[in-house]
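After the structure tokens below, expect a handful of questions from me.
Note that the chains are named A, B, C and D in the order they appear, and that numbering of residues resets to 1 at the start of each chain.
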Amino acid sequence: MPVRSSASALCRLVAFLAGCHLAWPALAQATAPAIADPRVLEDLVAANRILADQGVLDGFGHVSLRHPERAGRLLLSRSLAPALTKADDIMEYDLDCKPVADQNRSSFLERFIHCEIYRARPDVMAVIHTHSQGVIPFANSSVPLRAMFHVAGFLAQGVPVFEIRQHAGLSNLLIADAALGKALAATLGDKSVVLMRGHGDVVVGPNIQVAVYRAIYTDVNARLQAQALALGGQVTYLEKEEGERADQVQQQVVMRPWELWKQKALKP
Amino acid sequence: MPVRSSASALCRLVAFLAGCHLAWPALAQATAPAIADPRVLEDLVAANRILADQGVLDGFGHVSLRHPERAGRLLLSRSLAPALTKADDIMEYDLDCKPVADQNRSSFLERFIHCEIYRARPDVMAVIHTHSQGVIPFANSSVPLRAMFHVAGFLAQGVPVFEIRQHAGLSNLLIADAALGKALAATLGDKSVVLMRGHGDVVVGPNIQVAVYRAIYTDVNARLQAQALALGGQVTYLEKEEGERADQVQQQVVMRPWELWKQKALKP
Amino acid sequence: MPVRSSASALCRLVAFLAGCHLAWPALAQATAPAIADPRVLEDLVAANRILADQGVLDGFGHVSLRHPERAGRLLLSRSLAPALTKADDIMEYDLDCKPVADQNRSSFLERFIHCEIYRARPDVMAVIHTHSQGVIPFANSSVPLRAMFHVAGFLAQGVPVFEIRQHAGLSNLLIADAALGKALAATLGDKSVVLMRGHGDVVVGPNIQVAVYRAIYTDVNARLQAQALALGGQVTYLEKEEGERADQVQQQVVMRPWELWKQKALKP
Amino acid sequence: MPVRSSASALCRLVAFLAGCHLAWPALAQATAPAIADPRVLEDLVAANRILADQGVLDGFGHVSLRHPERAGRLLLSRSLAPALTKADDIMEYDLDCKPVADQNRSSFLERFIHCEIYRARPDVMAVIHTHSQGVIPFANSSVPLRAMFHVAGFLAQGVPVFEIRQHAGLSNLLIADAALGKALAATLGDKSVVLMRGHGDVVVGPNIQVAVYRAIYTDVNARLQAQALALGGQVTYLEKEEGERADQVQQQVVMRPWELWKQKALKP
């Protein structure tokens, strides 16, 4: 192993360890959106790290937040693996998905998922797009995803599937423009989760903690349902009313797992 | 292991046990129930950590112990993710599920699971409630959970399923009052495990080590059975008598895995 | 968290870290069997640690070695979780399963598995008993375990299933005496693996590395076969001749994964 | 991050890269192939480590690169578990699979997979052979592997299965000579992946990053498809045109997961 290579490895290591500390002052001054409450960016970074740590996101996928002070704006990382996100990587977009600053940084091709859902759903404050491995089998199957337990009661309102062929024919399957974003938002309707055939899902919530919770438990619920179906007997799912009642309670206790996930994901 | 490195490991351990840098001395004096044998609280904390480390509990679920000196009392953490439990988080309740002290701390909504089982089952010294992912498919399926191997012989006495709709109609599925706790205890009967449709399970034991062992191997057994059924052939289960004989032996060797799980879960 | 508890945790930590170093001189002088080549005990300890690290053994199961200098003797840990085994825990037994020394230490109840297989099979130098989770579904199913790939070619000679009911009726399922050990050895015959209904498996080899390799890949192969069957199509298995030819090659390259597994399992 | 701690992390890193305390300077001078761009060997080492870290390779399997300066040569590690590969372990071979130097080091028996594919496919710059556990069930099943999502769009061109019995009868299943290498290359044809019955797969790409990406997502896709089939409904796969369009985009974003995987795999 030549010396140059070890030195280069050291540089990479230092960069990596530095990346674990959210404040990296010089860069942060240059690029992080100005928001009065510093916890907003911290929570968005934590959401990225949590979803990667929990295996819901891998090198792909993204998490956004409606701007807490300007409802027509959203906060989303530059194009980057979610596990590597730092506060300085967060960019601000308008609802046409144009970056407010930092035009020279690369944006996610599929940012239109976020812009069009925020436009269509004033109640939504956070949007997550995943290729979650529990979920994709249901995205491609004629078997609908249904709520298995009270923790995933939000699924009992129904989980629509978006078939991009109906809007774009035989495409690259990406939501890479506003028209496809609008079509996806229309399929989502007033629900919490929409599956995307051949692709993954989108999960929304009234705040970042609930959205992260839903993304994680949508994946868990899908695996539980697959296992229940494989047993070969009859499966009982939550009724819509059970799901609504359970979801009300679960939204109130969401900080319990959030703190646990956050500690684990941000552990140096 | 050089001294410097051991000292550093000790620092990390102390920080970890102190609850991830929360201020601890004042709280510790204020809240831990007075019990003559300090190992009681240590074991209850270890049980929480073990079940989280083994993936049987996530941010939800709880573990309790009948008070070793007062049979009409039980020990249960305040509302908290089990992986974060420390001795000072343990509260003392009477069998009406009223906290003996610490009324200003938040309690688990579902503490009635514990109170009513201790009331109905004098032989039970420890109760665990989980959303264990191996188990839920069976909780929702018409296929009964059955004992696959001698390690889970306690399942051969039968595993009842609690359908909350029979007691509360379309509810939020939580055991959040004494009436539902009593109904659940009645369905458990004299068994070791009861499945809860759309929810999880409850596992009981004559001591904390056996209860933890049963919660872990109920989950393992469920996964083994699901896999065996998926093979498509005929599956042979333990007969009731095999289960009883096996359980007698396994209760005697329970400290072997307990020590292993504990070392792993408490490793700094 | 009271001081006493932290101190106790420190003791446990030190004990744990000390346990990672094979030589623990004072104890070793007292109890480790005298063997000319020190690598023999090191390999047996490594085998225990590897199988625990790879998830083939949990708190239960055991690994033995025929004594390299006295063919009528075997080396096996005292009753202990395999992940915690150190050289001083190894005991020497005769083929009647009587300990040569250390009569005051506790022995595995099922040591008769080992004694009777060494008696019946002069070619066997290492024996492993597991509750391996990939394997148990096949132990309880009418679907036979078959060789899926060249890495597990040793399975192509056939994998018998031991039904203890034929020998002991409705028992605790343990091989806890010489008669059951002999019956199990007879079912194993000249094969490498025997499944035990409601229990696990036993794997043998001409040396410790090959036995460990077979225990690990028996589990992997079982999972692969379960997955292949679940696809619903026709599955092609290795023919006996393919398995024999593949096994000859694989036995020659067994040190490649062994070194990898050992590094990982013994990493402090 | 205090200086002392960074220094310690650096020591660990250097020790790690140096190959776990083997003496390295002498060997490094003697054996690493001379290549103008040092990143070439770094990437090949990283590919080995990434595939091991991601669970696609275990103690077996190998990764090669066409020599960037001499198209009739390839770079491949000596016979070694991929997780342990260092730059000095890389050897240079001609397309007859003869080592250019280092004739006294042991070579992989199956290096002919690589030589014959580079000979048959001028567009291929990297070749990976795995026993990837998601893939083997499909290698042995009559159910074809098909593209489940845009991330694995490269599978939509079709995934042939190589049946070695058609070329070697009942063999040890290894591609251990040029004739079998040629037959395998012919079955691969112009595709990206070929499954090998009773064995594993081979994945190729126009560069090392794309090949690694494909090996990982071939395994992920196989698991997703198995799960979708187990749901029991109808499954929609990517059409060929969808796969081609998706693959074009994905090849452009391959550095995003590569950097993530590399950081994780090389973390000390």
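Everything that follows uses one rule, which is that contacts are C-beta pairs under 8 Å (C-beta built on N, C-alpha and C of every residue); 3 or more make two chains touch, one makes a residue touch a chain.
Fair warning: this is a prediction, and the values are worked out from it, not measured in the lab.
Novice: Hop distance check: chain B to chain D, minimum number of steps through touching chains?
Specialist: So the least number of steps between the two chains is 2.
Novice: Can you check whether chain C and chain D touch via the same residue numbers (shared by over half) or via different ones?
Specialist: different
Novice: Would you kindly say which chain has the C-alpha centre located farthest from the C-alpha centre of chain A?
Specialist: C
Novice: Counting only Cα atoms for the centres, state how far chain A is from chain B in Å.
Specialist: A distance of 32 Å separates the two centres.
Novice: Per the centroid of Cα atoms for each chain, what is the distance between chain A and chain C, given in Å?
Specialist: About 44 Å separates the centre of chain A from that of chain C.
Novice: Please list all residues of chain C that touch 2 or more other chains.
Specialist: 230
Novice: Once bound in the complex, which stretches of chain A touch chain D?
Specialist: Spelled out, the residues of chain A in touch with chain D are 1-2, 4-6, 8-10, 12-14, 16-18, 21, 58-60, 79-81, 83-84, 109, 131, 133, 136-143, 170-174, 197-200, 226, 229-230.
Novice: Spell out the part of chain A that touches chain B in their complex, as residue ranges.
Specialist: Residue positions touching the partner: 147-151, 153, 220, 223-225, 227-228, 230-239, 241-242, 245-246, 248-249, 253, 256-261, 263.
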